[in-house]
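Shared chain: chain A. Partners: chain B in the first complex, chain C in the second.
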Partner chain A sequence: MQIKANHLTYTYMKNTPFETNAIDKLDLMIPGEQFTSIIGHTGSGKSTLVQHFNGLLKPTDGSIKIGEWTVKSDTKQKLLYPLRRHVGMVFQFPEHQLFHETILADVAYGPMNFGFSKEEAEKVAKECLANVGIDDQLFDRSPFDVSGGQMRRVAIAGVLALDPELLILDEPTAGLDPEGQEMMMKLFHDWYEEREERSIILVTHQMEDAARYSDEVIVMDGGNVIDRGTPRQIFAKKAELEKIGLTVPESVQLLEALQAHSESELNTSAFTLEDTVESILSFLHKKGRD
Partner chain B sequence: MFDNVIIGQYVPRNSLVHKIDPRAKLLAILLFIIFLFISRHPVVLSLAIVITGTTFILAKIPFRYYIKGMRFIAILIFFTFLLHLFMTREGTVIVDWPWLTVYSGGVVEGSLIALRLFLLVLMASLLTLTTTPIDLTDGMERLMKPLKRIRVPTHELALMMSIALRFIPTLLGETSKIVKAQMARGANFSEGSLWKRLKSLIPILIPLFVQSFKRAEDLAIAMEARGYGGGEGRTKFRQLRWKRNDSIAIGVFVMFALLTIVFGFIE
Partner chain C sequence: MTNDIHVDHLYFRYHEQAPYVLHDISLTVKQGEWLTILGHNGSGKSTLARFFNALHVPKEGKVISCGIDTKHANEWVNIRRQVAMVFQNPDNQIVAPTVEDDVAFGLENAGIPYEEMHERVYRSIERLGLRGLETQEPHRLSGGQKQRVALAGALALRPKVIVLDEATSMLDPTGRIEVLSMVEKLRKEENITIITITHDVTEAMLADRIIVLHEGSMAYEGTPDEILSDENALRKVGLRAPFIVQMANELKRQQVPLPNGVLSHEELVTSLCKLKPIT
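Moving on, here comes the complex of A and B:
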C-alpha cells in the first residue's frame, strides 16, 4: 500500500504550555510492496509519524494518503475503521494489549471486531498462533500465564489475524534478548515474503535489522525526513549518521575499522554474517597476493 | 487524547507564586476557602475576586490553557447555578410563567454559589499548577506533623499521595497507548448501544489493571532494594525554608479572614 504525506504536521497538546511539534510540514512518499525501515534518534517523531499510517492520529495540518484513504484533520473517525483492517500495527511492548481470558479469544478479538463470526475468527486465530510458534496446548491458557516472549508472540498473532496488507512495526523487538530479536525479525520477514502485495514499515533502533531486511531506509531527525536510500547508500554515511546520534551496523563498523588500519580498500557494506566473512576473506586474499 | 487534563498537572514557571513555600500555600488556601463560604458581604466577595485575580496573574499560567482545562468544571458550576436559580423561593418574582417561576432570591443565591465555586476551583487548581508534587507532599507532611502524636501515619499518607500524583501522567500515557493498540485491532468506542460501549472498555481496563499492579510491585521492590524503611529517622535532602514572602502571603490571607469576621459583625 502506497503512502503519501503532504505537508504533514502534528502538534501534541496544542494550545497548552506543553505544546510540541512532533512532525513538521513533512512531505513523504513510501511505495507499496516493499520493506521500509525508519531510523532516527529518540524523539525524532518516528512513532508519531507511523501512527498516522492507520489513522490513530489525524494530522494537525496537511494531509496523508494511505492507499485509497485520505486523512486530514477533520476526517471522521468512522471512515477510519476500514483502514485499520488493511493496516496492522505492532506497538512497542505489544504484550500490554492482552486482555482476554484465553490466548485464542485474545487473538480472535481483532477479526471479530471486523465482523467475523466466532468460528471464522477462531479458525484464523489458530492459523496465526501456529505461524508465530505458539503450541495448540496453550490456546486455552490465560495470556498472562505464559512467558514474556510467548506473550509478545500472542500479541503479534493478534495483529496478524487481521490479515493486513501493510504491517507497521514500532520497535517490536525492544526488551528481547538477541536470540529472541532475531527470531522475531525472521517471523516478520517470512510474513512479508509470503505474499506479493504485503508491505512492512519498521521503526527500529537496531541498525543491523534496518540494514539486513529493508529495501529502503528513511532517516528522521527533528520531526522531518532528512535522508532516504538503500541500506547500502545510507550506511555509507557514517559521519552524517553520527551527527544525529545514530550509528552504522556493527558489521560495517568492523569492516571500516579494518579498512582504516590496513589502509587498503575493501567492501564495507556487508550486512549479514556471510557477506561480512566474504568481505574479510577477499581482503585477506588480496593481502596474500601482495 | 488526554491533552486537556490539568488535574495534578504542574506548569513550571519562574513566578512569585511558584516560589512560595508549599506550607504557606496550603494554609493560605485553607483560610481562603473557609472564609469565602462564611461571608456574603459585597466588600468581602470583591476582595476575594481581587485576591484570586492577582494570584492568577502573578502565577503566569497562560489563560487559554487554563480555560481549556476548566471546561468540564464550568459545566458543573453552571448546573449548580441553575439548580439554585429554580429552587430558591425568596424575594420578589421576576419571571412568572405557568411552568417556571424565578425569584430574585434565586438569582442572588445562584450567582453567589457560582462565584464561590469558581473562585474555589481557581485557587485550588492554582495550587497544583504552581507546586511540584514533591513540594506539595512535603508541605502536607510538615503540616500534618502534630497528628503524628495521635498515631496518624503522616509520612505514609504523604508518600501515598506523592506516588499517586507522580503516576497520574504515567497512567494517562498508558491508557492512551492501550486505547490506540485496541483501536488498531478494530475496537470501536463510539458506536452502538450503551451496553456495547461499556463492554468495549473491558479491553482497556484489564490491561490497565494488570500493569498497575505490576508497576506497584516493581516500585515496592525497587524501594526496598534501596533500603526504604518508612519515615522513622529519615532526614530530608530538600529542606523547606520559610522566607519573608511566605509570611507576606499568609499575612494577606489572614487579613482577608479578619475582614470577613469584621464585616460579619457589621452585617
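Moving on, here comes the complex of A and C:
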C-alpha cells in the first residue's frame, strides 16, 4: 500500500504557548510492497508520522494519502474506519491493549467488530494465534494470566486477525530480551514474506533490525525526512548519523574500526554475523596478497 | 569493606500454592561495588530487586539492607531512603510539573528543611548535568533526560545504594550511553553502590561482578570477562553473548587464531591487525 504525504504538518498543543510542529511541511512517498524502516532520535517526529498512516492522527495542515484513502484535517472520523481495517498498528507495549476475558475472544474481537460472524471470527483468531505460536490450550485462559511474551503475541495476533495489507510497527520489541526480540522480528518478517501485496513500516531504535530486514531506510530529524536509501547506503554514513544522535549497527562499527586501524579497504556494509565474518576473512586473505 | 546488601537463602512465591519465583538466593553487594543482575524476561530479576529496598519482604530467608533487617516495618522508610530505585519507564515515575519540583519530591516527603532541600536539589541537578532545565516540564524532555531527572531525585536523598531496574531498556542508543555514563560517575565520585537489573549484555560489561538469574535461581556468578565470554552458557539461560564475543568465536571456528577472552571492539581490531595474513 503506497503512502503519500503532501505538505503534511502536525502541530501539538495548537493555539497555546506550547505550540510545536512535530512534523513540518513534509512531502514523502513510501512505495507499497516493501519493508521500510524509519529511524530517528527520540522526538524526531517518527511516531507522530506513522500515527497518520492509519488515521490515528489527522494532519493539522496538508494531507496524507494511504492507498486509496486521503486524510486531511477535516476528514470525518467515519471514513477512517475502513482504513484501519487495512492498516494494522502494533505499538510499543501492545499487551496494554488487551481487554477481553479469554485469549480467543480478545483476538476475535477485531474481526467481529468489522462484521464477521462469531464462527468466522473465531476461525480467523485461531489461525492467527497458531501463527504467532500460542498453543490452543491457552485459548480459554485470560490474556492477563500468561507470560509477558505470550501477552504480546496475543496482542499481535489481534492485529493480524484483521488481515491488514500494511503493518505499522512502532518499536514492537521494546523491553523484550534478545531471544524474544529475535523471535518477534522473525514473526513479522515471515508475515511480510507470505504475500506479495503486504508491506511493513517499522519505527525502531535498533539499527541492527533496520539494517537486516529493510528494503529501504528513512532517516528523520526535527520533524522532517533528511535522508533515505538502502541499508547499505544509509549505514555507510556513520558521521552524519552520529551528528543526529543515531548509530550504525555494531557490525559496521567493528568493520569501520578495523578499516581505520589497518588502513586497508574492506567491505563495511555487513549486517549479519555471517557477512561480517566473511568480510573479515577476505580482509585477512587480502593481507596475504599485498 | 562493609556490605550494603546481604541476602541469605531467600525464597519467594506469590501465595502458598504458587510455584517459587525465587529459589534459594544468597548474595552480598559490597559498598561501592557495581553489581549487574542479568536474566531474560521472567527470570525473577526484577522481583529480586524489590527485596533490596523492602518493596517485598521475605517470608523465607533474610535480607539485610544497609545493616538493617528488612522484616522490621518501622524501618522501611529509612531503608528506602538509603536504597533508591530507578525504574524502566521514565513516564511512570515523574510526578511534578517541573524538573526541580520532581527532584525535590522525595525530599519534601522526607521532611527535609527548606534551606537544605534547596541545596541538595540544585547539587543533584548539577551532578546529573541538568542545569538549565530546572523549570522545564519533565514530559517534554528526551528519554535519557527523564531518566537523569529520576536519578537526580534518587541522588538528592543521599542514598548508599541505587538500584536501576531496566532503567535504560526504553531509551535510544544515545540516551542509554548518557544515563550509564552518569551512573558510572555517581559511583566513582559519590561512592554509591550500584545494582543494575538488565538483559542487556553490553550494559553488563560495565559491572564489577555479574549474577545471572534463570528461572528464579542463581545460574552463574563472576566477572564480566568470565560470564560474557561463555556463549553457550548464556544461550542456555536464554541470553545472547555480546556481538564481539559471537564474532570472535565464529572467527575461531573458521581457523582464525584469536586469543581467548576478546570482549571489546578495540581488542578484536588489534588482535586482527596483529595476525599473520592468510595465504
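Convention: the second predicted complex is superposed on the first by the 290 of 290 C-alpha atoms of A that agree within 3 Å, B and C clash if a C-alpha of one lies under 4 Å from a C-alpha of the other, contacts with A are read in each partner's own complex, and residues count from 1 in each chain.
Assume a contact is a pair of C-beta atoms (placed from the backbone, for glycine too) under 8 Å apart; a residue touches a chain by one contact, two chains touch by 3 or more.
As the structure is a computational prediction, the values presented were derived from the model and not from experiment.
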Overlay on chain A: chain C relative to chain B, clash or fit: clash
Chain B versus chain C, judged by how many residues of chain A each one touches: C
Touched partner set for A:Ser147, first chain B, second chain C, both or neither: second
First (chain B), second (chain C), both or neither touched by A:Pro17: first
Which superposed partner A:Leu258 touches (first chain B, second chain C, both, neither): second
Partner chain in contact with A:Gly180 - chain B first, chain C second, else both or neither: second
Which of chain B and chain C A:Leu79 touches, first, second, both or neither: neither
Touching partner for A:Met29 - first (chain B), second (chain C), both, neither: neither
Which of chain B and chain C A:Leu56 touches, first, second, both or neither: first
Segment of chain C that clashes with chain B, given the candidates 4-12, 40-48, 58-66 or 112-120: 112-120
Chain A positions touched by chain B in one structure and by chain C in the second: none
Chain C - residues contacting chain A, complex: 40-42, 88, 142-144, 166, 169-175, 199, 201, 238-240, 243-244, 246-247, 250-251, 254, 256, 265-266, 268-270, 272-273, 275, 277-279
Residue ranges of chain A touching chain B (in the complex, touch as defined): 12-17, 51, 54, 56, 77-78, 81, 84-85, 88-89, 91, 94, 96-100, 109-110, 113-114, 144, 158-159, 162
Complex interface listing, chain B residues touching chain A: 3-4, 11, 61-62, 64-65, 68, 174, 177-178, 180-188, 190-191, 202-204, 206-207, 210-211
Interface residues, chain A side, partner chain C - complex: 41-43, 92, 147-149, 174-180, 205, 207, 245-247, 250-251, 253-254, 257-258, 261-262, 273, 276-277, 280-281, 283-290
